[in-house]
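Next up: the structures, one after another.
In what comes next, chain A is part of two complexes: it sits with chain B in the first one and with chain C in the second one.
== the complex of A and B ==
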């Protein structure tokens, strides 16, 4: 499956440190929360892109490889401070799998690329930005456990659903950063 | 954690130049504040003419092919890139006097200073690197 990104950067054929320099420049033009795909042939770029993201505070999502080309995915985080959670119903990571087994489902509102590199088995994917237009895919009669990486986007999503008549919505905390269970990939 | 990287460049070969500018541009691209102090033969690295023909170490000439094949950027390109990313170049006044060089012999937008100028920048930098 192809991974969806908002912006693509071609850094193929470039040697260190150029992939990083180009990535840095490209990142300046992204909005917070958008995904950058970096295509590179420099084998060192795999470790470098991950380290660079860590160092400057962006989220390194993962890398795939196809015919000697590396595809790196990074999500821009310019202001990742936790805001106060405001959706009143929350649920812990540990509880959602058993709860979902008794009806209800897990809704993953992270970007497609983040979902592709690892999600909870059975979780349904609707990125935050598409929630408004895809709300009709959700069943109001079921319990919905909304999850993202840190509980921030899922909180906004839970509020949005609650405002649209969904009564059984829970924000999952702490979210995928604290997930210790198995991960399913779709790449 | 310090957000500064201080580099002393004191050798004038092609390999020295790559070590200096690769680390400098990578650090600058990672949002670090970077300054390089060019002293003694290190001044070649930002010399307008000198930087175009930096020598390979004796006996390593065969590596030129490897550089071309790996598509390694040329030194003047890295110099430009480093400046574009905000890396500060400090040329050593004392060495310039000894070698009878002036600011005009170097790429534009450099500072000229003495050891104290560099030390002032480096006092709270981590790491400080010497090449």
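== the complex of A and C ==
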């Protein structure tokens, strides 16, 4: 399955340090939350892109490989530290699986690429940006546990749902960064 | 000053001649911690190149102005970039970069003469500084024997040419797991006989001559002989050699400051008894004046002043910790429970040495990246 990205950077055939130099430049032109796909053939780029992303505070999502081309996915982050939770109902990571088993479901509002590289089994994916237009896919009568990476996007999503008449909506904290359970991949 | 290019051979001279050098390693932190260029007098700074893209001013205070500075990365591209940035920021620095980066360092061999043998014979040790591998060539009367040759076959064949000798016998002391053997291809290229201990060769898919205990070959018309001595423990087939009655080539059984590990073929518990028997009985029965020449070194302190890795057996029996663990249970526990991580891609490397897979040159380089880890200290 192809992974969805907002911007694609072709760094194939380039040797170190060029894939990172180009990635750094490309990231400057992304908006916060957007995803960059970097195509590279330099094997060393995998470790370096992950380490570089961490050093500058971007989110390295993962890498796939197909016929000697590496596909790296990075999500632009500016400052994730300040989180204001304003949605009233929250729920802890540990509780959602058993709660969802008794009716209700997990809604993952991260980007497609993040979801593809690892999500909770059974979680439904609607990226934050598409929530407005895809709200009709959700069932108002069920409990909905909204999850993202750090609880920030899920908070906004929960508020949006609440404002649209969803009454049983919970923001899952701390989110996927604190998830210790199994992950399902769709790549 | 402009940035100059150093070859791996230039860096090897610095190591062997005990000179000082400041290494700015711009690979990422994991790679640096795993494996770096070791020297007696080397100082290090590790800053990944991608943290320097916006400028090197921040690290200038950490760069010495009175030393040679060598910038190193995985291949060379990033080290050139960083060296040039530093050179622009401070024109007084003495800057160079390593041509081919750590890949080329991993593959460099420095031939050093260990000894003159009886008659006009010579014994050479090929020191692979970047990987800690040691190969040997015994020369006499126009003929040569090679022991534990690494995969850079042309180094050995051109050395033989230079010395005007024909490679007649090629030995591997055991089926290697940490590096790819060059033995078979050298034998194919030169018409030499390739020997491998048959107990290590059960799965190999090519023809070889069994290396049996007591086998002796003579070089030319000389009296120099290369005699095999069965010494299992690192692998079940591991075999040592006694050259010219004076030199004991121990393969991966006994090193200068450590001993072999029994686990790389997945049978640590089965082979630990053999390892004990070889180290505590077989080797103790040999003349203490034999000079031990192992197939590896682990740390730079194991190098002698002339760059060779060699030590009297009697001294090792007295000083090497692994030869002085009286309690058998403690010995068993040390060599099976407290092992360092296994070498990079060691299972694939064993497959290559069995002839089961044939990776290309770059893939072989990738497999061999990283430090040697054949020992228990």
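The rule is short, and it goes like this: the second predicted complex is superposed on the first by the 187 of 187 C-alpha atoms of A that agree within 3 Å, B and C clash if a C-alpha of one lies under 4 Å from a C-alpha of the other, contacts with A are read in each partner's own complex, and residues count from 1 in each chain.
Convention: contacts are C-beta pairs under 8 Å (C-beta built on N, C-alpha and C of every residue); 3 or more make two chains touch, one makes a residue touch a chain.
Just so you know, these numbers come straight off a predicted model, no measurement behind them.
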Quiz prompt | Clash-or-fit label for the pair chain B, chain C on chain A | solution = clash
Quiz item: Does the superposition put A:185 against chain B (first), chain C (second), both, or neither?
Solution: neither
Quiz item: Counting only touches as set out at the top, which of chain B and chain C does A:17 meet: first, second, both, neither?
Solution: both
Quiz item: Counting only touches as set out at the top, which of chain B and chain C does A:52 meet: first, second, both, neither?
Solution: both
Exercise. With the two complexes superposed on chain A, say which partner A:44 touches: chain B (first), chain C (second), both, or neither.
Key: second
Practice problem: Could you tell me if A:140 is touching chain B, chain C, both of them or neither one (first, second, both, neither)? | Solution: neither
Practice problem: Would you check which partner chain A:121 touches, where first means chain B only, second means chain C only, and both and neither mean what they say? | Solution: neither
Self-check item: Shared chain A contacts, counted only where both chain B and chain C touch the same residue
Solution: 15-18, 20-21, 24, 48, 52, 55
Quiz item: In the complex formed with chain A, which residues of chain C make contact?
Solution: 28-31, 48-51, 53, 73-75, 77-78, 81, 366
Quiz item: What does chain B use to touch chain A in their complex?
Solution: 22, 25-26, 29-31, 70-73, 81, 85
Quiz item: Can you list the residues on chain A that touch chain B in the complex?
Solution: 13-18, 20-21, 23-24, 48, 52, 55-56
Quiz item: Across the complex, what residues on chain A touch chain C?
Solution: 15-18, 20-21, 24, 43-44, 47-48, 51-52, 55
